[in-house]
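One chain, subunit A, links the two complexes that follow: it is found with subunit B in the first and with subunit C in the second.
What follows is the complex of A and B.
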C-alpha cells in the first residue's frame, strides 16, 4: 500500500474503521456511493491522505452491514429487480441512523 | 455354640437353631479363610431402600452358617421416603471391613415436596393418611405452564355479528357477503380473511356435467363507519363486487389494483380526495371492471376547470413507458380514462416537502381549498436543491424496469415496518439524539406496509418512502369496443356530465427524485396557452 499522500488517493481500497476497532478494507469505487465518504476522501483531509476513515460513532456489526450494503449496491448497479438484502430487525434502527449518517437515504438512480 | 444367656428352662425342648445374638456380641468367624467375613460389628440399622441389591446372603453363599453370624434382617424404621439407599451388606462385606464405606452418609434433610409424576400422588386406590391430610390446591401449579396463553381476539358486538354473517356464508356456500349497515368502525382482518374460504356449492342438475368454478365473491360493506380500507380485502382473489359506499374512507390503497377479477366497484359517499393511480390498471381496455361508482366524494379539483393539455401522448409514453394496449380480439366494454391535466410535482426530502407545490394535509377541506394548481405538461418545476442532485440524471433515458438496489435507509425502514411491535419502535425513534425526520418516515412506511405495497409509477420499484407525488386529473369514460372483422370501433361516453364530477384525480407516486413526469416538448408559438392561476 502506498504511503505518500498522492498514492493513497488512488488506491483501489479504502479502510473503514469502526469505533470499536474493526477494520474493513473496501473497494474505493463501492465506497464512493456514500456522499459522506466521498467527502472524506476528497481534498486534504487526513482520510484522503491515508485512505483510512474512522467512524467513532459506529460499531463493528453496523459498519459491517453498511459495507455489505455498499458491495450489494455496487454489485447490482443496472441489475433489474434486485433481490432484497437481509436486514436483521435488531439492527434496523441503528442502520437507519447509519444510513442517515452516510447519506444513503435516497434513491440515486 | 452355647449361648450363656439362653434360659435353661428350654433345654429339654427339641433343639432349634439358636437365635442369633441380639446385637453387640461379636462372633469371630470360623473359617475365615474360606468363608465370607461378616462384619464384626453387626450393621447398625442399615437403612437401605428396597431397591438395593439382594439382602439374603444365601444368594451369595448358600451356606446356612451365614444365618448364625449375627446377621439380622433389615428393618425399616420410619416412612418410606426417609429411607436412604445405603450400601448393602452383601455387596460391601466382600471387600472386607476396612474398605467398607460408611453406612450412613450424611444427607441433607429431605424436603417434602409434591412430585406430580410420582405414583404416590396419583390417586392410588389405597390412600394413606398423609394423603388425606394434604391440602392440594389444584389452582396453584408449580409446573411451568405459561399463563400468557394467546387470547382470542375480542370482537365488539358489531364485529361479532359480522363474523357470524361471514361464517354463515361459508357454511352454506353463499357468495354474497352482506356486511352493510352494521355500524362497523373497523373490521378485523381475521374476519375478512375467512371470506376466501367461501366455496360455492355447484348446482347439480340432470344431464349437466359437474364443473368446478371459481367463487364469485360479492362483498358489501356499505353504510358503515370505516375510516380505513380494510387491507385484507386485497387478498380476496375472486372478489367481483366490492361496495364501500357510504363509509368514511380517506384513501384507497394502491394494492387495490391486485383485484384483477373486480367487476363492480362502488366507493361513492366517502371522504376520498383522490384515487390511487394504480386503479387505472383496472380502468383500461381489457380489464374486467364494468361498473364503477366514484361520486360523490370530496375529490381534488383542478383550479382551471376546462383545461386542454398538449403533449398528452408524449407525457404518458415518456413517463410510464410505451402502453401495452393489446389488440382487442373480441368486443369489450368497460372503462377508459383520458388525461386532462396534471399538477406540479411535490418533492419531499426527510419527510418534509421541499417544493413550492404541496398537497394540502388538513383532514377536512372546504371546497375552495381542494382546488389544485396545474402545470403544463411541457413544464416541470424542480426545486433548485433537487435539480443540483439529479441534474445529470434528467437527461438520461428513463428506466422502465427498476434497476439497482434501493437506498439503505429505505431497506432499514422496511425492516422496521415489518416488525410488529410498532409502539416500542416509535418510542425508540422518539428518543433524544435520533433525527426528527425518522418518526414521520417510519409512520408513513408502516402505513404503506399495512396497506399492502406501493410501487413507483415510473420505474415500478417497490417503495416505502415515495419522494415525489403528483396528481393527474382524468376523465373517466364508459367505453364499448366492437370488433367487426378486422376493424375496431371504439365508442366512449362520459360517465358523468356533472361539471364537478368531470375530473377525477389519480395520485402518482415516484420512488426517487428522478421518478417524475416526463417533460413533453414545448408546443409551437401559435398554440394559445392557458395561463396558470
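What follows is the complex of A and C.
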C-alpha cells in the first residue's frame, strides 16, 4: 500500500460530519472500530488526506449516537460487566441501518 | 419524542425508493473510480461516496452483477495496460538466458538483464497490489455480504489472482511462436531468481531487496482464488525449483571441493554455506525455506561425500585427531549432528583411532630401548610425561628398571591419549554421550587386549606414590591418582590388578616408601570406585601397620619397665601382619613352605621376649618370623688400621649399616670369628639356613657393590658362586655414616616372564575358587539350571571382578559334578541340579 505523507494521516482526531452539517471530532483510535471508517482512513482517498469524513445520508442525531457508541466501546473494551448503552426507542431502526453501514453489527465478539 | 420517531422513515425511504435503475449510475461512478485508482488519482475521490455506491448496489441485491463487472473491468484493464508492458520485458536476451540456457553471456550482463526483468515484474505487482487493496476497500460491503453468501472468493482474491493467471501463468505469444514451444513467464521468473542466487553464492552482489519483493509476491499469491494456506505459489512453484537448483549447485560444489580442497576447507566451507543459506532465507528468499534449504546443503555438501572427506589423506579425520585440530573436529561434530543423530561415522572413526593409537603405544613401549638415553626422541610426543624416565636414564638401567620404566611409559601414554580424547569430547563434541561411551569402550578394549595392563597400572601408581612424595605437590599427586582411577575403571581383570596392587602396596608399607596418607587416599578412591570388597585386604594391611606401631611402642615400654639390660643393644620394630591380607610373596608362603633360618642368639632372645609379650594379651596366636621381609640397622665399628697414619683408615670408623634381615644374620656371623678368618658360602648357608637364592643376593649386595662392601669375596668377581669364600673387610671406608646396602627385593618392578606366569597361575587358582563359590551359590538358590543359563549368571555375578572364561566355568562345573555338589538331570542334556 502506498504511503501518503499527508498531515491528516496520523492525527489523533478525525472529524465526522453528518448530512445535516453536524460535525463530531472523534478520537481516531475509537473510529477505527468501524471497518468502513477504517477503510476510509487507510487508503489514499480524500477522507484519508483531509481527516474529514462526510456522511451525507446520515443525520446528526444518528451520527451522534454512533460516535457515542464508538467511545462507549473504546472505553469499555476490556471491562467486564458494562452497563448497557441507552438507546432511545425511536432511533432503534435507523441505528440498526447505520450499524450495517458502518459494519458495526458483526464486530462484537 | 414522537416527532423524533417520525424521522425514521425519511431516511429509509430515499434509499429504498430509488429503483433498480440506480445501478448504472452507481456503477459508472465506481468504474470511473477504478480508472482513477489505477492511474493513481484516487486522492480526489471520496471513499464514502464510492463505498455508499457499492453499498447501495449490494443492498439492492445486485452484488453479483457488481462482482462480475469489477472482475471484467480488471481483466480488461490488465489486458490493455499491464500485459503489453510485461511482454516488453520478455526480451530476446532474457529468453536466451533463461529458457534456452545460452551460455556465453557474462555474469554481470546476466545479472543486469535479470534484475531489469525482475524490476519490471515487481513494479507491475506493486501497482496491482496497491490498486487491488484500494478496490477491495471501497467494495468492502460487497465482500461482507454478497461474497460471503455466495461463497465466492473475496473480490481482492479474485482480482489479485489476475496477476497470477494473466502474467505468471501466461505466455508471450510472439516469443512462444518464435521458440516453437510453450512457456510461462513464471519459468523465466524462477530461472532468473535462481540464476541471481547462484551468482550471489559465487560471490557477486545482487539486489537482495528486489528478489525479496518478488518472493514475497509469490508468498501473497495462491494456486487458486480460494487462497488455501499451503497452496502459496511460493511453496508450490518457486520453492521446489529453488531447492532443485540448490541441490544441483551444492552437488557440483561438493565434487569440486573433493577434487581441489582438503577436509578442513570443506568443513569450514560447509559451515559457512549453511550460515549463508540461513541468512539468505531471511534477507532474500523467505524464512519458510530455511529448514528445507539447510536440508539440501546438509544432504549434498555434507552427507553425500562424507566418508570420502573423512578418509582424506593428510587432512581427514585421522589427521584431525592426531594433530588435535580441535576446531575442525568441533565443526565436524556440529555438521554431523545436523545430518545424523547417531554420529555413526564419527563414532566409528574415533573408536578405530583409539584402538590404533592404543596399539601403537603398546608397540612403541615394547620396542623402545629404555637403557639408552633419549630413547623416546624418535616418537613425536615424548614429552613431559616421560620425564620420570629421563631422570632414571642418566645411568644405564638394569633390565628390571627398564621394564618398569616401560610400564610407566605405557600408562603415561595411555593417560595422554585419554586426555586427548577427553579434550575432544568436552571441547568439540558438546559432551555427547554416545561418543563418550563409544570412546570409553574402545579404551577398555585396547587396554584389556594388552595382557600386562593390570600390572602396569599398579606399577604406575606405585611409582607415583613413591616418587610423588618427594617430587610432586599434593595437588599434583591428586591429579595423577585420579587418572590412575580412570584407567582402573577400564580394566576388566580387576582381581589381577588387586593381586599386583597388594604386592606393591606391601613392599611400600614394609619398607616405608610412601606417605601413609597418600596410600589411604588412593585406597579410599578405589573403594568408592570399585566397592568395598575390592579394598578389604588393603585396609587390613593399613590396620596391621597401625596395630604394629602401637604394639612396638607398648613392647618398648614393657622392656623399659623390665629394665632388661640385654635388649638395649637391639631395638625391635615389628610389623605383625595378618596372613590373609598380605600377598603370599611377602609372607614367604610363595614357594612351597617357609624356610626358617637360624637367628643369632641375641636376636633369638629378642624374638622370644617379644613373643611372650605378645601372647600375654592374645593367647593362642601364632607368630611366624618372616625374615625375608625385614631389615636391620647395624652399628658397626671398623678399627684403626695399623701402619696408616693419615687418611680415613688411620682412625676408627663407625657406620650405621642398613641391611636386610638376612644380611644382619650373616654379618653377625663375622662378629664371632677373627678378622683374618673367612667363611665359605657353604658354611654361611649351614650356619644360617638362608635359602640359597636369597643368600646369593644378600652376599652380592654386601661384597660386590662398592657402596656397602663390608665383606671381601675370594675370588673377587662380579657374581657370587657357591664356591666363594668371604671375609671381613677391615679396610672399608664410606663417606656417609648411614649406609644402605643396595637391595633388589624392595623395588617394585615388572615381573619377568617366569614370575608373570606364576602370578597368572596363582590368579587362575583364585579365580577357580571364586567361580566354584559363585556356581554353588547360584545352584543352591535355583536348584535346577541349564548350562547356558548357569554360565550367564556366573558371568553376570563376577563381572565386577573379572571376566570369567567360559571354558573355565565349564571346567569348574565338571569338577563340581565330580565332587558331587551338582548332578546332571536325567533326560535333559546340559542341565544341572544342586545336591544338598
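Throughout what follows, the second predicted complex is superposed on the first by the 101 of 109 C-alpha atoms of A that agree within 3 Å, B and C clash if a C-alpha of one lies under 4 Å from a C-alpha of the other, contacts with A are read in each partner's own complex, and residues count from 1 in each chain.
Definition applied: contacts are C-beta pairs under 8 Å (C-beta built on N, C-alpha and C of every residue); 3 or more make two chains touch, one makes a residue touch a chain.
This structure is a prediction, so every number in the text was calculated from the model and none was measured.
A.B. asks: Which partner chains sit in contact with A:66 here, subunit B, subunit C, both or neither? Use first/second/both/neither.
C.D. replies: Once the two structures are laid over each other on A, A:66 reaches subunit B alone.
A.B. asks: Quick one: classify A:55 as touching subunit B (first), subunit C (second), both or neither.
C.D. replies: second
A.B. asks: When the two structures are overlaid on chain A, which partner does A:42 contact: first (subunit B), second (subunit C), both, or neither?
C.D. replies: A:42: touches subunit C, not subunit B.
A.B. asks: Between subunit B (first) and subunit C (second), which does A:93 come into contact with in this model arrangement: first, second, both, or neither?
C.D. replies: After superposing on A, A:93 lies in contact with both subunit B and subunit C.
A.B. asks: Name the residues of subunit A shared by its contacts with subunit B and its contacts with subunit C.
C.D. replies: The answer is residues 88-89, 91, 93, 97 of subunit A.
A.B. asks: Please output the residues of subunit A touching subunit C within their complex, sorted ascending.
C.D. replies: Spelled out, the residues of subunit A in touch with subunit C are 1-2, 4, 35-36, 39-40, 42-49, 53-59, 61-62, 88-91, 93-94, 97, 101, 103.
A.B. asks: Touching residues of subunit C toward subunit A in the complex: what are they?
C.D. replies: Listed in rising order, the residues are 1-2, 4-5, 7-8, 11-12, 14-15, 40, 42-48, 50-52, 55, 130, 133-134, 137-138, 140-141, 144.
A.B. asks: Mind pulling up the subunit A residues that touch subunit B in the complex?
C.D. replies: 66, 69, 72-73, 76-82, 84-85, 87-89, 91-93, 95-100, 102, 104-109
A.B. asks: Please give the residue numbers of subunit B that touch subunit A in the complex, ascending.
C.D. replies: 349-350, 393, 399, 401-416, 418-419, 425, 428-429, 434-435, 438, 461, 467, 511-515
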